[in-house]
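Shared between the two complexes below is subunit A, which pairs with subunit B and subunit C, respectively.
Let's look at the complex of A and B:
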């Protein structure tokens, strides 16, 4: 243990003042801004479910244009950008070296902003491919590939220069994210457009992409963040690094086949459906390895939840991860799928994964990182706590309404004596709860953004004053 | 019952083989590097001290 502490102190000493974190600032502040902008889009969509005529005659605000903007904006503008920003923070620190190239990092951030702004204009203008999670027009998707190569090159080049041979599990998850994203994104955005890939073939590839976008992009990126920030925020070492590696490798082996469970009872091969069910249920192995590790790390540290907002987000995200990863395998069972497939249960499940789990983990990271890289204190702990509770209450309201509403909707759809329009009218109260929950979540986003931006401004002002004094 | 296999499934097969093969290669490589060996817990202690900002001011954000 003494050796460990000695080498740890040496690591800290070696790391002093070598991190510029310019790229981290660019990515995180951009991500937080897009979170708020796309949050407004989300509210408009939720309002349209309750009042279908709302903004209905203006082409730019029709559901068919706003929904892809909401999905892609949240996934790529907020969440992936936040995860990338956090990766630029923790990878150099874990490797004991500075980022390979801050200039390349800033250039990547600028390109990422060009992509998101292009996405806003093209999607609102009605230019889209029409595939789930792969709506971006091909030229914009090509820019995403270029930006990802720039990001991956910078991260791998940093890892190659690392001081320590054995890498911490977050580094493994991030390397997995970078490599898996390359395969998954190319499949969803380009392979689906190849000649002869139409109809069921196209749907098969699209769902392979869609589910793997969550499982092989946002899951490993989010877990990389959680594995770094739970020990750091709780000031308590991870329960077991060995277990974390077992979780990583089991995820690597079982995830890729699960996407077809979205097409159960559809016109795809029965054996493919069965394989997707088997692999979906096997997902419980990596999930349990992850959740057990996080909860065991918190042993004796739970009292910190009271006054540590990062930890609040991290542990709530962990619980939502457990819940959403229980839902996934259950959804893949033929009997459950016959009820919930294509209903509002699906967006309820997706929101718990993307918002409840991975956005919570990312927000925890942002709350932890921003005060440190701007060398100041968080603008307001109180506002941070408010934002957490608004996210939690709004999120729970939305998730619960959509799960229950989805089951209700599915049971009605399975009863041929109920006219379809009656099932639409019956869901009105559910959509009202979703809209009201959305308002609460949006208030959380506003407080989060205000707190983060104020912290950054305060840090910038302190730095200017220090420069003037010297 | 004859079960038609769509060409996209073969593509999915290929991707799966590629990813599973890559995972297997790096998994075996990680075993060789001692990730499941007696020193496999070292990284979790080292990462607790990798941030000079936290070293200098641990109570900046969390109490």
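Let's look at the complex of A and C:
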């Protein structure tokens, strides 16, 4: 018994030592940096709603060029890069082997940085391609495809050399992300450009991509992160393997049908709208399966929330996931859609998904991983706790202001005797609250970045001192 | 079959892509084959069947204006769809005439779809012919001079560039014109 335990802990020790985690460091530190840079862009465009002349006469800083930079910068520069960095961390550990190639991983990170910097210049320069979420000009989109193939190859090669036969649910979600993203990205960025693809046909392909960018890229990548870090951070086993399978395979089948719900009441075939509504409502199945599994895993462990920042982010992210994925199916009902569609409610909903859910899950992972890979402790638990509350309060302020304002706006639009400009003026207080909430969120980002960078620096210093001593 | 997927990566790949492609193909490739109005340009000469008119391809100048519309990200604040909602047909209307709803056959020549997801400013699907070039020039220079309370950004680099202004206005005047929907035919050039 004693020897068994001894060999198990020796194996665990060996398992710790095999990971270099260079790629993880590159991806996560880059992602955290872009989070702050693009956070400034976010504040500027929020300010433009309140002071429309602000930076208004400079073409490079006009709203219509900065908004796609905000969206693409947050989605690809911060969130996807963070999810990729975390994947480079947990896939080798779940497989019990080293990452297939650290060199390939670092090369992927360098290419990713080239992509994001090109995005900044091309989008502000007015070279946007013209599709929402697929705004990056074609040469940059080609680089994204190359980087994605490099990432996918490295991850799949690691999985194929795994020591443990059974693959954990995070591994499935990540494999799903890699496979689906390939086709979803090609559809939105390249199929839309094929000759003869115009108008409604092109819009339908665009929505297939836009919707599934969230549903089949950020959702499975974020759930992979949550499925790994919730049991890790709470030190408790996942509640149900079967439930995770139900959640995964229903997501795989249901999500892709729903793109046309972005054109409800619009010029697109009625039957296609109805199909998208039916499948949108069915999305409740994978969502509730996942959320139940997360909540049940925490049974008897809730007291840990008090002093565990990662767990705070993970559990608030889970609650936001439940809420945002309740809103989504409800918006797709024609009667609700007639009020909220195209209003400020929708950015409220979108930010709860991308910031409240998936960025919270990614930040939980970053807070957990960074001290471990730099072999040190987090620079400040108390600052991390502050960052959580700033994100939560700023986020809730922004979401609720936009929901209330958007609902009111939709109600006014449906009364044609109110001139349109009056519905714009009426929203001014809402946009002011959104801007102030944005400042609170941005302070959260700054604390988060400061804490992560300080941890990395002190970890690096410890390592060089250790080398000097030996 | 799904039971094997957590131990066998090949089974996993087949199942994950198979399920994805059922919905993917049926909602992207099938619809344009089933609904011809997505690819057949609008044309109607019979007043009994609603608005008359014909969709024509863009001229070179309109196309240049279209590219400016995309370059400046106008679609992030302006939708171009009069939806099947009574209030949309009233708001897209002009001088007491309600607008017809937008149909797929009006957009067949659209090189970049501009339906939009957010309506921060008014819908532009029927903006064609409502305002003349002088109005647009003043409005692009500073929207608040004409519409107090507006939050549209100023576009002096377009207003003060005669070529770009002509191109962009030419594009805007095409919006909604295919359906000759105003009985007095009072379209501004």
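Note that the second predicted complex is superposed on the first by the 457 of 470 C-alpha atoms of A that agree within 3 Å, B and C clash if a C-alpha of one lies under 4 Å from a C-alpha of the other, contacts with A are read in each partner's own complex, and residues count from 1 in each chain.
Assume contacts are C-beta pairs under 8 Å (C-beta built on N, C-alpha and C of every residue); 3 or more make two chains touch, one makes a residue touch a chain.
Predicted, not measured: the structure shown is a model, and the values here were computed from it.
Partners subunit B and subunit C clash in the overlay (superposition on subunit A). In the superposition on chain A, contact of A:64 is made with subunit C only, not with subunit B.
Of the two partner chains, subunit C is the only one that A:346 touches; subunit B does not reach it. In the superposed model, A:367 makes contact with subunit B only, not with subunit C. Once the two complexes are laid over each other on the shared chain, residue contacts for A:268 go to subunit B and to subunit C alike. Contacts of A:240 after superposition: subunit B is touched, whereas subunit C is not reached. Of the two partner chains placed around the shared chain by superposition, subunit B and subunit C are both touched by A:249.
After overlaying the two complexes on the shared chain, residue contacts for A:128 are found with subunit C alone; subunit B is out of touch. Contacts of A:413 after superposition on the shared chain: subunit C is touched, whereas subunit B is not.
With both structures placed on the common chain, the touch criterion links A:180 to subunit B and to subunit C.
When both complexes are aligned on chain A by C-alpha atoms, subunit A residues 165-167, 169, 172, 179-180, 183, 187, 191, 196, 200-202, 204-205, 208, 241, 245, 249, 252-253, 256-257, 268-269, 272 touch subunit B in the first and subunit C in the second.
Residues of subunit B that touch subunit A in their complex: 1, 3-9, 11-12, 15-16, 18-20, 22-23, 27, 30, 33-36, 39-55, 58, 60-63.
Residue ranges on subunit A touching subunit B, taken from their complex, read 4-5, 7-9, 11-13, 15-17, 19, 93-94, 96, 164-170, 172, 179-180, 183, 187, 191, 196-197, 200-202, 204-205, 208, 228, 231-233, 235, 237-238, 240-242, 245-246, 249, 252-253, 256-257, 268-272, 304, 307-308, 310-311, 367-368, 371-373, 375, 377-378.
Those residues of subunit C that touch subunit A in the shared complex are 2, 5-7, 9, 12-13, 15-17, 19-20, 22-24, 26-28, 31-32, 34-35, 37-39, 70-77, 79, 81, 83-88, 90-91, 101-104, 106-113, 115-122, 143-144, 147-157. Put simply, subunit A touches subunit C in their complex at residues 48-49, 52-53, 56-57, 59, 62-65, 67-68, 126-132, 156, 159-160, 165-167, 169, 172, 175-176, 179-180, 183, 187, 191, 196, 198-206, 208, 216, 241, 245, 249, 252-257, 259-260, 262-263, 265-269, 272, 275-276, 279, 338, 342-343, 346-347, 413-416, 420-422, 424-425.
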